[in-house]
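Both complexes below contain chain A, partnered by chain B and then by chain C.
Our next item is the complex of A and B:
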């Protein structure tokens, strides 16, 4: 690899890339990209290929039939989709106003809010789920408040419910929603809002008839991204959910590490992969990648 | 236009509430980690450092911490070495490879962890990479590369390529110009990407359980096991220590960022 690189370096001396022949940039580009492609192939694509093969190897389509017909696994699939949908809608409801405020705010306000939004994003999922266990438990802060305010006679069972899983996942994915929306909203030409104001529109009306429709592509993109991210959640539903809130990642973990049923685990993995890939392909088809990356690099 | 309306107050109040929702759970864990009580209660009855002392005098926790540093360190270096050339290719050339790389990066970022975990396990069994630090770092590098690529591409966007052209006109080879002029200027971008690559490795759980979890336990696995049984604040202290580490990383990134910005404004 190294000698290959130095060879191309020497032969590449005379010309600037812009002035070079057509063939040279292509070779240079291939050399620059080859290591990443090689690595991702060796440690990501080939293993996944192995998993796909493993799902068919022992019993053909039987594992897939089991998953798609057995009520147990169907229930897990439906629960997963339900939790992901709830999480996406919750993130949207909480995130859209923040992203809008970020877009129209003064630079200092914007900086502070952005830091506060990004800060928890880089804390461990385990930490953040754990904190909800403390808050929502029987003797947790929320219950103490509810009891002392007389809102409830006895401690509410908040933990290990659909509510606690959704709250935990919304808290974890909200920064992703806000940053993606914010990246999209920054591209909206704000002069259009001024134009609406000059022509007599109230701020609310300008928002509703100009800004909101223009922001919809960003809403779809961010929603898709949050939904896909939610599909693979393991830690949060395992800590904050009860048996009724079992998500597909948990089922795959149990199949693989406790039951050692690799064909079934692999088949479930393949199904999850198919759904994720289809949604990602949709995302890639309609939204450019830098929209997502705009957030990460702020 | 600039008049404060009821609408403004409502919107600002809402923003405050959502920010509290994002940050309050974190504050709770930090608060409990300094608690003097044997049980989990917030606010803590009084403050103490006993749970931190318990962790930092326990070799299991120290070992887990060192293991995470090793895996994360290797991941960080590998992700940078592989990711920086790719970022150059992405930002300077266009062609089929770019679209493919974009798709791969997105896939590596978003593919559910459980899929990565069981597929890499199946793959490592015949290769003999199970239960090795290198094996775990190799797998984590796949998810670390995107962070390096994204951040370096962003730095290259703001970089004035004429500097490199000037060096070439004065006789430097293109590679020397890239290594001597461009790389130092975009170094902060590389550093940011590398820190992110480290963080994702330190926080990753499922691949770590499958590849390394049964013999040696990195911090994330140790935390995970602790969270499921712990009823005292040890875990809160451990998670806060991890969070503190992350915060330090973020601060380092910000300092690097602001320095470059200052340097750029001087130049």
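Our next item is the complex of A and C:
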């Protein structure tokens, strides 16, 4: 990152005549970037370095071998990926239509829907997770409704299942999915839909042949963002999931604070970091990352 | 509709076989009105567009010409009035059922499709053609648009001119009887624009569809149109052939918009059946053919003369049969093919186009006599609308 930065500084100023004046913008930029750089170094790079060092320090590769071979940890890894995938697909299924409506709606409708999308985002996700417990518990709202309507004989066990974890995480990550998709969809030229319509495409076919394919980069970006965010979830699976739905963050927590097995906890953390980095790198290879946050689509 | 057999494609075919020659749509707008908020973007526009004609909606930005086009296309629904194709009301028909081809200002090519796929799109949506027939039709249209060989390219790999041609080809491929063009050449440089004007005109002659063309470029309108519809503030100001609107504008706005007209303001001093006399700012009294103007005596009027109709003579020369006024030269600008001279008459500036060879005679500050044939001047209502 640092080398990229200095590269862009140099290539951005190709035609400066004197060496003295060349130094000045660099110093200025260095001063402006210093606080952020210091912050990131002290509170992000150093701790990560410590974590990586700690994972190897005591027993070399042994903690990694344990995690990748022991059925317990492997199961946690697979569960984590499964929950994240479900969450991502759920967010996509619910979020795509909403983002599309936002894109084509009149400004007033768009404002209202946007507020409805963003409002829950401001609510703390612990609160949101607890409210799902109220809804889904044995004596929760859903069960009482089902019993009183005679839809079910006994209370359904909705809580502490894959379903409850996924639905809680979907609800928390949905705004992220919608806003990312919306940003990507806004960049699709609306004249293209006019062009499709005037040349014979019904609304549905115009959507299928023009809008949908052009929105796919946005779908990949939003999907990746949601998936990566879901990887590190801790509170929601802890509150809404059972032992079967233990995710990797919970395992790290248990290893570090209950079992005090720091090398193993660190190794698990490093693995999580590696998976995330690989995903982002893959994405960057095929799509380029800046598009995720508002680069150009076409 | 005749479909070209797959076996005989490849060689250029005769013009009559080019994408479907049928009679163009007769378009009729009746008191068409569209509001944007409180603004009347299109204000009771009534217009009859003959079958197979090339009609240009000409006007400055905000004149309602693009809105009118979007109403014809069906992207917008009119607030009042009616649109008819061949006498049939089509206001309720969605765009995809109107059977129109359209070229957009931004081209609106599908960025995720190749040139071939872009041009094949209307066929895929509209016609049930066999694979081979579709290929043949696309190849034929690409040839007409001089795009052969670029089939596999994506729009972003094409120059502006090529993108424009793809956009044309896509609009033409399914042989629509009505073609809408929204400032299709606006983004191109002058040379390419002039070349494509000629090509579009040729295509129009070849396929016989009705063309409705929107532009703010008067020279484009004059070059290409059978009929020019001059629009201003959402209304039609004048409808006429290019010579009609250029030589006989109905008011100062049309006169000025169609290529820098001179409008000498003055006061009517006498009024006969065939001609009027007008006193202009420097006291000179000038005779002007009366035309259809109904202004009364002593009314404020404008005399309209095109810069190329004025001759610059020495101050003492008063040629018989010509009208004119003394003037002082203020500026001489070299244009290449001609000279543009600004001369001061009273408190007004008159623009004159003259031959390059006159450059030695003309210098700022020199006294001259501006002369013109009376029949090249016209009387217009006072120029207040600017």
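What we mean here is this: the second predicted complex is superposed on the first by the 259 of 298 C-alpha atoms of A that agree within 3 Å, B and C clash if a C-alpha of one lies under 4 Å from a C-alpha of the other, contacts with A are read in each partner's own complex, and residues count from 1 in each chain.
Convention: a contact is a pair of C-beta atoms (placed from the backbone, for glycine too) under 8 Å apart; a residue touches a chain by one contact, two chains touch by 3 or more.
Because the structure is predicted, anything quoted here is derived from the model rather than measured.
S.K.: Putting chain B and chain C onto chain A via the overlay, clash or fit?
M.R.: Taken together on chain A, chain C would fit alongside chain B, as the superposition shows.
S.K.: Contact-wise, after the overlay, does A:204 reach chain B, chain C, both or neither (first, second, both, neither)?
M.R.: First partner only, chain B.
S.K.: After lining up the shared chain so the two structures overlap, which partner does A:221 touch, if you call chain B first and chain C second: first, second, both or neither?
M.R.: In the superposed model, A:221 contacts neither chain B nor chain C.
S.K.: Return first, second, both or neither, reflecting whether A:179 touches chain B, chain C, both chains, or no partner chain.
M.R.: Neither partner.
S.K.: Who does A:169 touch here: chain B (first), chain C (second), both, or neither?
M.R.: neither
S.K.: When the two structures are overlaid on chain A, which partner does A:231 contact: first (chain B), second (chain C), both, or neither?
M.R.: first
S.K.: Tell me which partner A:196 touches in the superposition: chain B (first), chain C (second), both or neither.
M.R.: Second partner only, chain C.
S.K.: Check the residue A:213 against both partner chains and state whether it touches chain B (first), chain C (second), both, or neither.
M.R.: The second partner, chain C, only.
S.K.: Which partner, once the models are overlaid, touches more of chain A's residues, chain C or chain B?
M.R.: More residues of chain A are touched by B.
S.K.: With the two structures laid over each other on chain A, which partner does A:86 touch: chain B (first), chain C (second), both, or neither?
M.R.: After superposition on chain A, A:86 lies in contact with neither partner.
S.K.: Once the two structures sit on chain A together, report how near the CA atoms of chain B get to those of chain C, whole Å.
M.R.: Minimum over all C-alpha pairs of chain B and chain C: 5 Å.
S.K.: Per the definitions at the top, what is the overlap between the chain A residues touching chain B and those touching chain C?
M.R.: 197, 203
S.K.: Mind listing the chain C positions that touch chain A in their complex?
M.R.: By the definition above, chain C touches chain A via 73-75, 94-96, 98-102, 104, 106, 108-112, 121-122, 125-126, 156, 170-171, 174, 180.
S.K.: Given the complex with chain C, which residues does chain A contribute to the contact?
M.R.: Touching chain C: residues 189, 191-192, 194-203, 205-206, 209-210, 213-214, 298 of chain A.
S.K.: Give the list of chain B residues in touch with chain A in this complex.
M.R.: Those residues of chain B that touch chain A are 1, 5, 7, 11-12, 14-15, 18-19, 21-26, 28-29, 32, 40-42, 78, 81-83, 85-86, 88-89, 92-93, 95, 97, 100-108, 110-123, 138-139, 141-142, 145, 147, 149-151, 153-154, 165, 168, 173-175, 196, 199, 203, 205-206, 209-210, 220, 223-224, 227-228, 235-236, 239-240, 242-243, 246-247, 249-250.
S.K.: So in the complex, which bits of chain A are touching chain B?
M.R.: So the residues of chain A in touch with chain B come to 9-10, 12-13, 16-17, 25-26, 28-33, 35-37, 39-40, 43-44, 46-48, 50-51, 54, 94-95, 97-98, 101, 113, 116-120, 122-135, 137, 139-141, 171, 174-175, 197, 203-204, 225, 228-229, 231-232, 234-235, 239, 248-249, 252-253, 256-257, 262, 265-266, 269, 272-273, 276-277, 280, 283-284, 289, 292-293, 296-297.
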